[in-house]
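Consider the two complexes below, in which subunit A is the common component and subunit B and subunit C are the respective partners.
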Partner chain A sequence: MTVPAVVLFAVFHTFPALQGIFYSFTNWDGLSLTYDFVGLKNYYYLFRDENVWHSYLFTFQFAIVSTVLVNVLSLAIVIGLNEKIKFKNFFRAVYFLPNVLSVLIVGYIFNYLFANVLPLWGEKLGIEALSTNILGSEKWAWVGIVIVAVWQACALNTILYLAGLQTVPSELYEASSLDGASKWQNFRHITFPMIAPFFTINMVLAMKNFLMVFDQVVALTGGGPGRATESISLLIYNGGFQGGEFAYQSANSVIYFIVIMAVSILQIKFLQKREVDM
Partner chain B sequence: MAKKTNWVATLLIAVGALFILFPLYMTVSIALKTPEELADSVLSLPVGLHVENFAKAIEATNFFQAFKNSAFITVTTVVLTIITNSMVAYAIARNMHRKFFRFLYYYFVSALFIPFPIIMLPIVKQTSAFGMNNPSGLVFLYVVYGIAFNIFIYVGYIRSIPKELEEAAIMDGCSTWGVFWRVVFPLMAPINATVAILTCLWAWNDFLLPLIVLSDQSDMTLPLVQYVFQSKFGTDYNLAFASYLMALSPMIIVYLFAQKWIIGGVTRGAIK
Partner chain C sequence: MKKALALVMSSALTFSLLTACGNKTEQNASESGGKVKIEFFHYKPEARGTFDKLIEKFEKENPNIDVVNANPPDAGTVLKTRAAKRDMPDIVGVGADTTFAELAKAGMFEDVTKAPELNNIQPSYIQMVKDVSGLEQVYAIPYAANADAVIYNKAIFKELGLSVPKTWDEFIAAAEKIKAAGKTPFYFTFKDAWTTLPAYNALAANTQGETFFQDLNKGKTSFEKGYKEATEKFVELLKYGHKDQFGKGYADGNVAFAKGESAMYLQGIWAIPEIKKANPNIELGVFPYPVTNNPEQTKLVSGVDLLFAISKTSKHPKEAKKFIDFLLKEENAKAYMAEQNALSAIKGLTQEDPMLEGLKESFAKGALVDFPDHYIPPSINLANLLQQLTHDQDVEKFLKTMDAEWEKVKERK
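What follows is the complex of A and B.
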């Protein structure tokens, strides 16, 4: 059983990955029968390509803001859910619901909200900022994508943090309440350090997922207006399949792979060091 | 910890829950309204139940066909994943002291770090060359790609199962095959549930892989149908939302029934 699994995995995962790297050194458009080796030319042009730079800038801006927001919000939700509140199980179920929904469809629903509902309310209430569709604005469309991504991603992070809280022994809180610690002190000195490993997981997972953003962008803006919200994966998809840039975008995906790797490793190194220090 | 109900926290959590529920309320109510009602107000409850939106949406998106495709892909993927991935993981987990299997473990797990776009372009060429640009091909890819993550969580779990049970079974004359199916597999029920849930959510909701692999219109999955639909009937919102609701509801229904299980499964799956 193991041998066929390895063979299949090698054929359908490792081999295409290597092929991708191989094509990145050619000038294949994905359709022609022949192609030539061009060495590092694709990589050289990538660095001079404004669209590529722009997609990396957008993706990182989006990913960093979303990662921070998701973690702050999930921590807040978790602390709330862990208090003695009414209908605890109901709320827990509600907060996790977005995780089972299709990202694409959620994107379409919010698309309507941004395009039709919010501007209407903005006009009625006389709020200038709301009265136009933010997805149509080159400057603000990315905020719309952040909102949808965060709305959905909080679910998973909340659940993970909840699981983390179960690992904190309640004696610690009893001891601190004897010492008269405030809620904030409890959080700062007990809860947060104790769930540090979960913080690491959540930060790395969220960042990695957001760097690969695709479905949300397709559903909300399609990369527009102009190319304002074209994420890296969307650029690779568009250029590779429709733009005849098969080899060129292969080079882009190799860079993308290295970037994601580097970011994840740096994050893990940095955050784990913090875990020990606490 | 406080013994009294914390009303401030309850209130804040309730307000937060409204943010989650509002888009869903909007989806249901728009799906049930007529265009005139929608023009009057987005928030109001629908007056009558305009189920004709659903009838029209079913026709426009060829809903049953897409539903059948999604269901076929999801169910077969889950079943095959559980059967095959658990066996591979068992073999690896019980042979970790051997170099070859340890290498395999790291080989599979390291694939977790490879972003999909790097294999996306070549895999399309490959699947169409092999005639795999159909639902069965997609199932095959899901089962193979799932290995990376599933091995990771299965192996951790299997190593916590005491070996003595298996040894006892072997003493009683059980073959390796028998040991796996009669002793180990039943013990793996909780982790199998976790893998099943995560695989199910992935296969049902995935958009990018079906988008690039499937070539025939009649093979399309539910998310894919929404994508095509969006460009064709962009402005008939009642129709669109009826169609979204139908695509979302199977997973919502599953979630309502298996909620505790799903939350537990996701927690277990993601932490290991």
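What follows is the complex of A and C.
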């Protein structure tokens, strides 16, 4: 059982990854029959390329805002869904729906909303900022992407939090209700500490996913206007496959891989410490 | 349970191995059956149906050849990845663009410099195929051409008493007049970055000078010098847009123009079928971008929209050539031009559609010039830089960035 799994993993994951690292030391354009070794040249130019810096800046800004929003929202949804409300299971299904839809379809639906529906409302309500498509605005296009990404990512995080809530023993709430604790106190002192491991995993997963944002950007803005919403993955894809700089962008993805790994490890270390403290 | 999983895993592995060598077995089988299979790979989804019909006709005439009409989405990227895998289709049909140039430089195509077929092709298009790849040899046969021209709404022009502008000043005056009449002169679709290119290409091609890219490669000139006029004129055009010009995309623009929301549309003739789809009754015409004040000098930007190249690794080059010859035959080429609303690269074959009347003169005179953006490496991402320019309208900054990016890409090579 383990042997085929290891073989599959090696063939489809480890080997291509090593190949990518190998190419990052060459000047291969992705097509030619020959290439030369150039050592660390690609890495050197990477650090001097302001487009790369800019895409890192955008991606981190986007990822941090989205991670926070997703976790706040899905915690709120989960608390609501755990109350004794009518149609609880129906609502749980509804909140999970965005996760089932393909990102591209979601992107195109929102594209239509941003381009046609929202401006119409903005016009009617007399809100100047809304009367044009926000995806066409240099300043606000990233907000559009955050809205779509968060809307969709909430589903998975909500499910994980729901699972977490099942692990909280109900005696704790019974005891606290005897003491006359408020809802907020319940959440602050029981629910949240008890689901801390789920908080950790959600933060790490969300951050990692948002750092790798690609399809939402492609579907909504294509990296524009200008380079305002060009995420790192998009830059690697565009430069590497269409721009004929395969080796150069391989170097970029090697660094990107290290950065994401470092962020995830730091997050886990930091958040797990918090878990123990409780 | 464990056994079942192992079975699934191993069968998945065998399956992937099988598909990996699938191509080969397929080919052998087809050969032993007396039928030769050739793959015709092209990047024109809108021409798929036309090619289906032509292929059917060809297969009737040549019952022993089976032509596969391959047209995946995002064909340029697919083609490049297939080239990297050394799994090239027999015939490649793309435009004379950077994808073609890179593949030609990488030695993927057969040299057709001496092919007799080229005698029948307009020399300016053969030159473009050479120029864009930067090579001495010709690696493809040009088939169809497009034209980058202003599309205008004849009804609105009549209503406002406007005639087709011949000079830059007349062009701006017409835009002013349309604006004064409370209408939109140009419908801009800047949400899709590439839609900045048609207008900018025409402006740059007519003002950059004959030898701009040669000089640039030698370090004798820069974008700051050669592209200043084009960029300033581009920014001037931006004054005549509509309110939400950053929020609309190409598809929105085609529909809006078809509905008469603007008098002119800064696109190329490739947009006409889409506009007609949205409003079959629209009366439209086209004219070359009047970039300078000397109408004698105006050149129409027209590039090779479709060329045919035979890949060097093709196992059936003879059959592939036969198919290309078939497509080049006058009746078949005519059928393609008529259905695709395209211009022919074949000598003496003119597009008779009255809509394209306004371009006839340029073609007759041979006043044609290639798309400048085909000479700019895609990693510079001209379209997005132009999109940026539409936002901040900072000519100086744009030109400086172009120079800096050009240097950077050259250095990294």
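Heads up, the rule we're going with is that the second predicted complex is superposed on the first by the 269 of 278 C-alpha atoms of A that agree within 3 Å, B and C clash if a C-alpha of one lies under 4 Å from a C-alpha of the other, contacts with A are read in each partner's own complex, and residues count from 1 in each chain.
Note that a residue touches a chain if its C-beta (ideal position, glycine included) is under 8 Å from a C-beta of that chain, and two chains touch if they have at least 3 such contacts.
What you see is a predicted model, and the numbers here were worked out from it, not measured in a lab.
K.L.:
Once chain A of both complexes is superposed, is A:F241 in touch with subunit B (first), subunit C (second), both, or neither?
P.N.:
So A:F241 meets both subunit B and subunit C here.
K.L.:
With the two complexes superposed on chain A, say which partner A:N42 touches: subunit B (first), subunit C (second), both, or neither.
P.N.:
second
K.L.:
Which of the two partners, first being subunit B and second being subunit C, lies in contact with A:T132: first, second, both, or neither?
P.N.:
second
K.L.:
Just subunit B (first), just subunit C (second), both, or neither: which does A:Q185 touch?
P.N.:
The answer is neither, since A:Q185 touches no partner chain.
K.L.:
Taking the superposition on A as described, I'd like to know which of subunit B and subunit C A:G30 touches: first, second, both or neither.
P.N.:
Once the two structures are laid over each other on A, A:G30 reaches both partners.
K.L.:
Can you tell me whether subunit B or subunit C touches more residues on subunit A?
P.N.:
Between subunit B and subunit C, the winner on subunit A residue contacts is B.
K.L.:
Tell me the contact category for A:Q272 with respect to subunit B and subunit C: first, second, both or neither.
P.N.:
Neither partner.
K.L.:
Just to be sure I read the superposition right, which of the two partners does A:A5 touch: subunit B = first, subunit C = second, or both, or neither?
P.N.:
both
K.L.:
Report, in rising order, the residues of subunit A that make contact with subunit B in one complex and with subunit C in the other.
P.N.:
Of subunit A, residues 1, 5, 8, 30, 241 contact subunit B in one complex and subunit C in the other.
K.L.:
Enumerate the contact residues on subunit B facing subunit A in the complex.
P.N.:
These residues of subunit B touch subunit A: 1-6, 9-10, 12-14, 16-17, 19-21, 23-24, 26-27, 30, 42, 84-85, 87-88, 91-92, 101, 104, 107-108, 111, 113-126, 140-141, 144-145, 147-148, 201, 204-205, 207-208, 212, 222-223, 226-227, 230, 237, 240-241, 244, 247-248, 251-252, 254-255, 259, 262-263, 266-267, 270-271.
K.L.:
Using the touch rule from the top, collect the residues of subunit A that touch subunit B in their complex.
P.N.:
Within the complex, subunit A contacts subunit B at residues 1-2, 5-6, 8-9, 12-17, 19-21, 23, 30, 77, 80-81, 83-87, 91-106, 108-110, 112-113, 116-117, 120, 151, 156, 159-160, 162-163, 170, 173, 177, 198, 201, 205, 211-212, 214-215, 218-219, 232-233, 236-237, 240-241, 246, 249-250, 253-254, 256-257, 260-261, 264.
K.L.:
Which residues of subunit A touch subunit C in the complex?
P.N.:
1, 4-5, 7-8, 27, 29-33, 41-42, 45, 48-49, 114-115, 119, 131-138, 221-227, 230, 238-239, 241-245, 248
K.L.:
Which residues of subunit C touch subunit A in the complex?
P.N.:
On the subunit C side, the touching residues are 2, 5-6, 9-10, 12-13, 76-77, 80-81, 83-84, 98, 102-103, 105-108, 190-193, 243-249, 252, 377-379, 381, 384-385, 387-388, 390-391, 408-409, 411-413.
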